[in-house]
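The same chain A turns up in both complexes below, where it pairs with chain B and then with chain C.
Our next item is the complex of A and B:
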C-alpha cells in the first residue's frame, strides 16, 4: 500500500522487452536478409548496440533531475512552448505508430486467420479492447508487460527447441561476405525494430529502486537483441539466404514447418497468430497509455483516462489510410521511422545536453 | 426513552417491558431476597438464548441460599449490596456492572442475563450465553484426504476457539465489533500482531467502520461490502470453512474475519496464488502437490477455453486440426442441425441448470436429477442428433475442471467468463477468443485485494520474490524458510532450522 504506482525493476525489464517485440518480429528476418544477406545478424546486433547510448541518456536525464517526471523536466529545460511542440510531435508519433501496428495486425489476422472478415472490424475491436488497460496507471501497464514477458520468452525457446533438429547451420555461412556499404541500410531497418524503449521516458520516474533502472533497461534491451538475433539465425539456417529473401513472413513459415510429435495440432501458424495477438497487445497497451498521458499533459489535466477513448477513432481512421499492405510499409511505416527518430533520438539528447548546460551553469 | 438505570427497580422493569413488548421470548423473573428487609431483584434474559439451568442454579439459587444475605439489613449497606452480590453470592464466571440502558438491552439480546436490584442504579450482566448449535463436523465444501476434519460452525465463540487451539500465542489478536444496526452481528477480526502488515489492518478496519446497514446475514454479505471491486466476477476475498486454513493464513500474515452465524471465515488479502491453493496442499507431499498445482492451472485454462475453442475451430478454423480429426469432427456433426455456437451454448446452459438444481436439492431427488441429466440427456441428445458426441465430452471436461478450482467463487468467475468467450469465438473465431482473453487478463491485472495485486505472484512486483516456489509448485517445506511475501509481513522468517542444518556433509 502507498506504493500503488511504483514499478519494480523486473517490470521495467519486462516493459522494454514486451514493448519492443511486436509486429516487427514477423517480418524482420526477411527485410534484413534483403538488405544484408548472410551478415544480417551483425546489423541486428550493431543497431541494438546503438540503442544503448539512448537508454543511457534517458536514465541520465532522470538522474540529473531526481524525483521529477519527464514532463516537468521537459518544461523546465526547454520552456513550456518548445516542449509543447515536442509533445505534439510525440503525440503524432504515437498515433502513427499505433495505426501502423493495428493495421499490420489486422492485415496479418485477415491473411492467416479470418479471410472473410473485414479488416476494419479487426482493427476497431483490437483498439477498443486495448483501451480498457490504457486508462490505467503505469503500474498496471507494468504488470501486464510482466504477464506477457514470460510468454514471449517461452515462445522463442519453444520455437528454438522444435526447429533445432530441422535446421542446417551451414546456411549461415559464409560470414562477412556482404557489401559493408549496405550495412547502414540494414541498420536503418533493424534500429527501428527496437522501437518501444521510449516507454522508459514515462516509466523510469516511477521506479521503486531508481539505482537499478539502467541495469534493468539494458538487460531488457539485451534480451530483445538476443531474441531478434536468434530468430534471424533460425530463419536463415532453415531457409538459406536466397529463400529467406522471398519469404515475407519467415517467422510464421518457420512455425508452419513445425511438426509436433503426436500430430494433435497440425497447423501451428493459426495458434501462433492468436498467441501473437497477446504480444502485440502488450506493445499496443504501452503506446496507447503513453499517448493518453502526452495528451493529458498538453491539456494540463491530471487524469489521462479521459483521452483514451477519443484516441481510438483517430487511430482507426489513420490506420485505414494506406490502401494495402505494400503501401503500408511506405507510408505509415516510413512516417513512424521519421517521427520516431525525432522523438526518441533527437529529443532525449536535446533535453539532456541543454539540461546539462543549465545545471552546470547553476552550479557555478 | 430512559437512557440510564434509575434507582427504582419497578421503573426499570417497566422500561424494559415496554421495549420488549410483544416479545414472547423475554423472561423477567422477579424475586425478593432477605428475611428482615426484603430486597426486590429481577433476573431478565431471553428464553432460548440464555442457559436456563446455569442461571437458575448459580445465580437465583445462590441468591436464595446465601445465609448472610437473608439476614442482611438494607440500611447502611445500600451501595455495596451490588458488590456483595457480585463478589460473594453468585457463582457465575463472567460478571460485569453496567448502567447504560442501551448496553443492557444489547446484552439481553445477545443471550446474557441482567440482574436488577432495587434501590441501586446499576445492574449486573451475567454471561449466560448458551444456545443450541450444530456440533463441529467435517467441512462440506473443502474435504481433504489427509488433514484435520474439523469445520467451522455457526457460532462465533466455537469458531474462534477452533482457531485459538491452533495458535497458542498471545500475538493472536481477536477483536470483536458489532456490525448491522438491527442484526448487531458480532464480527471478529483475527490477526497475528507481530506478523500482519499494519497498513492492511488499518484499511480493513476503516472499511468495516464505514459499513452502515441494517443486517449482516452471512460473511458473504460482509465480503461484498469490503471488497475492492464489487463489480468483478472474481472474489477478492477468500472464504473457507476450515480452521486449519485460517490458522495457516494467519501465520503467513493475512487477516481472517469470522462472522457470527456463518460457518465461512473470510481471509484477506486474496490473490490468484492463494485462491488456487487448497489446505490439503500443506499436508501432502511436495511432489504430488506440485503436480496438482500445475494441474489446477490447466484446469483454469480448460474451464475458460475449451467450449469457445470448440466453437472457433469448428466454425472458423477447421484447418488447425489434423486432417483425420477434422474429418471425424465433420462426420460427427453431420446430423447436428445447429451452428457450433448454439450447440455449445445449449449444452453449457443445460449443464449449469443441472448443477444448480443438483445443488439445491440434495438426497435421493438430487441423485435422480444427476442420473436424468447426466446419463439420459447426454445420451439422448447425441442419439437424437442435437449435439455431437465431442461436444458432450467438452462440456464434461469443462465442468469437471471448473470443480478442480479449490475456491468455489473463483471457479464461478471463470465459468461465467467462458460464456463471454463462447460469444467472442462465435463472432471473431480464434482472434475473438484472444480479444476476450486480453480483456480477462486486463481485468485480473487491474484488480487489487487490499492493495495487493490480485495477480500476485505473477505481477512482477518485488513482493513476489521467490513466491513461485510456493504457488506455481510447492517446494519441500525445508526450502520454504520465508513466509509468503505478498502481504509484506513484518516478520518474514517462518522456519529457522531443521536437523540437517547443524550437520556437515
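Our next item is the complex of A and C:
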C-alpha cells in the first residue's frame, strides 16, 4: 500500500458527509414534521448525537487491532461462520439500500425532470454509471467524495441565501410544545437518515493518520447534523408546520419557491435536481463499493471489481418491486431500516465488546 | 485494433446521446394566467379559460399581430381543460410558467370546489408554487377577455402578473401566492386573496376577498385591506390623507412596525396592538412663510394622521369581528406562535372567541421627512 493510496482525514470527513446526505434530505423535513411538529429539530439533533457512540466504537475497534482491516478483525473476533452470517446480512442490507436509492432517484427525476423517460432507463443508466466508480478502491471513492463534498455544502448555502427573502422565521415557533412522548418515533425516522457512516468500517483502516480518524469522522457527522437541521428549519420557516406535513418533497418544493426579482433566478428545480443526482451518486458509489467488497470477502477473492457488474441486475430488479411511491417507503424503506439496525448498530458493538473481552483475556 | 475500437465508441457516442424528453421551446405554449369559473349551464362543472402569449408577435420580424390569445373550454378540472384545449391548438400547454390563477366569483363561493382546484395546482410537479391567486368580480373569463382589450396595460408577460408584482407600491391589495394562501388558512382558517375586476377599459386589482376555510364569505375594500396589512405588519408604501387645519394633509407610509400584546382580563381575551408608522410628508398647503419648521406643528400633524389611520383600523377590525367572524388579521397565528398554551384552549371555537375579543389599537405616526420645501 503506497503512501499516495491512503485516505487523508479531509477525505474521511468528506466521505461521511457525502455518503450520509443522499435521498433522505428531500423527504426528511416532512416526515419529521409529521412525527414531532415544530420540535423536529430536537429529534434531528438528538438522533445525530446517537450516532456519535457508534462512530466511536468503530474507531475503537480499529485501534484495538491496529493495521488490520474490518474483515480480518471480524473473522478473528467472531469466528468465520458467525461473521459470514453478518456479512450476508450486510450484503442484503446494501442491496436493499441501493435499490431504495435508485428507485427514489428514478421517481424524482421522472417527476421533476424527464416526464416521458421510463423509470427503468433512469435506473439502469444510473446503476451503470456508479458501477464504473465502484470497481475502484476506497481511495478513489474517497477522492470522488472529496470532490462532491463542497458541492453539497454550496448547495445548502446557496439554498439558504436565495430562500432567505421568502421565509418567516416566526413559523418555527412555538418551541417545546409538541408531545415529547413522540420523540422516540421521530428519532426512529431521523436516525436512519444518517446511515452512510458505516462506510467508515471500510475506510478507516486506510487512513493516512489514524489518530485523526475519530475527529475527522465526528466533524463529518457534525456537518451532516448541521445540514439536516438547517434544511428542516428552512422548510418549516417557509411552510409552517401544517403545510410542511403535507409537502411530500419539502426541500424541492422549497426550491420552487425561489423567485428573485427580474426573472433572474426562478424555477430552480431542474438545476437542483442535477446537483442532487451528483450528491446521490456519491452515496450510491460508496454503498456499491461496499457491497462488492463484502461479496469478495464472502467468496475469498482478492478483487472486488468482479462482483460489481453482477450486482447491477439484482439492484435493478429489487428496485422495481414496489408498486408505487407509497409502497416504496413502506417496503424497501422499512427493510433498509431493520437491516441497517442489525448491521450498523448491533454489529460494531458486538465486535467491539467481544474483541474487548478477548484482548483482555489475552493480556492476563 | 484498439484505435478502431476507440473510434467506434466515440462515433457511437455522437449518435446515441440525446434526450428522451426533448421538446423545442417554440413547440410549447406557455400560459401566464388561467381563469376558472363555475359552469352555469349543463355538463362539466368548470369553465377553464387560458390566456397565453403569442410568441410569433414578439421581436422585430413579428409575423402576427395579436399578442395574447385567450381560449376557454368546459371541463372537469384545470388539467382536463388544458388537455382538451390542446386538441384545438397546434401545441400542448406547458404550465411551468403559470403566474396567475383567477377564481370566478360563483366558484369562490363553493369551498369544496376551491379546495379541489388548489389541491390540483399544489400537487402538480410542474406548476410553480408561487403562482398568484386572484378572485374575480363576476366571471374570471370576462377578466381575461378584458385583459385583451386593455390596450394600455398590455405587456407580453401578462397584465395581471405585472400588476401583482408591483404590489410593493401600494397596500390597497396584497398579492397572495398559493403557498401563503394555504399556510394562512392552516393557521387561522382564514386567508385573503386580492380582487380583480373590469374597470372601464382597464383591469383593476383592489381590496381583498375573505376566504374562510377556502370559501368566499365577503370582501374588503382597498382601505380595509390596508388596515389589515397594517395590523399584520405587512404594509408597504401607501398614501394616507388627513384633514388638517382646513387643508388636506397627504402622508406617505414607508413602513410600519407592529407589536402585539396579550392583555388578559377576566373571562375575555384582550389584545393590544401597537402600530408605529414611519413615513414622509407628501403634501400640505403652500404657505407664504415657512411653517413646518416647528416641531409642535409636526406633532399635531402626526396626531391627525394617526387619528385617521386608527379610525380605519378600528372599523376594519369591527367589520371582521362582527360581520364576518373571520380572523384575517393573523391573531390566531400570533397566539399559536407566542402563547401556544392559550391557543390550545381557544383554538376549538376560535371564530367565536375572535369575534368576542377585546382588541385595542394604538397608532403612532412619525413624520421623518417633509420633502424639498419647508
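Quick note on the criterion: the second predicted complex is superposed on the first by the 356 of 364 C-alpha atoms of A that agree within 3 Å, B and C clash if a C-alpha of one lies under 4 Å from a C-alpha of the other, contacts with A are read in each partner's own complex, and residues count from 1 in each chain.
Note that in this section a residue touches a chain if its C-beta (ideal position, glycine included) is under 8 Å from a C-beta of that chain, and two chains touch if they have at least 3 such contacts.
Because the structure is predicted, anything quoted here is derived from the model rather than measured.
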>> Let me test your reading of the model: by the given contact rule, A:11 touches which partner, first (chain B), second (chain C), both or neither?
In response: first
> Can A:182 be said to touch chain B (first), chain C (second), both, or neither?
Replying inline: neither
> Just chain B (first), just chain C (second), both, or neither: which does A:68 touch?
Replying inline: neither
>> Going by the contact rule set out at the top, does A:136 touch chain B (first), chain C (second), both, or neither?
In response: first
> Hey, is it chain B or chain C that touches more of chain A?
Replying inline: B
>> Quick check for you: in the superposed arrangement, does A:60 touch first (chain B), second (chain C), both or neither?
In response: neither
> First (chain B), second (chain C), both or neither: which does A:240 touch?
Replying inline: second
>> Quick one: is A:173 in contact with chain B, with chain C, with both, or with neither? Answer first, second, both or neither.
In response: second
> So, does A:256 touch the first partner chain B, the second partner chain C, both, or neither?
Replying inline: second
>> Tell me the contact category for A:278 with respect to chain B and chain C: first, second, both or neither.
In response: first
> Shared contact residues on chain A for chain B and chain C?
Replying inline: 113-114, 117, 121, 266-267
> For chain A, which residues count as touching chain B in their complex?
Replying inline: 1-2, 4, 6, 8, 10-11, 14, 109, 113-114, 117, 121-122, 125-126, 129-130, 132-133, 136, 140, 142-147, 149, 208, 263-267, 270-271, 273-275, 277-278, 281
> Given the complex with chain A, which residues does chain C contribute to the contact?
Replying inline: 19-21, 96-97, 122, 125, 128-130, 179, 182-183, 186-187, 336-338, 340-341
> What does chain B use to touch chain A in their complex?
Replying inline: 197, 199-200, 203, 316-317, 319-323, 428-435, 437-439, 441-443, 445-446, 448, 450-451, 453, 455, 458-462
> Tell me, which parts of chain A touch chain C in their complex?
Replying inline: 111-117, 121, 170-171, 173-174, 177, 238-240, 242-243, 246, 253, 256-257, 259, 266-267
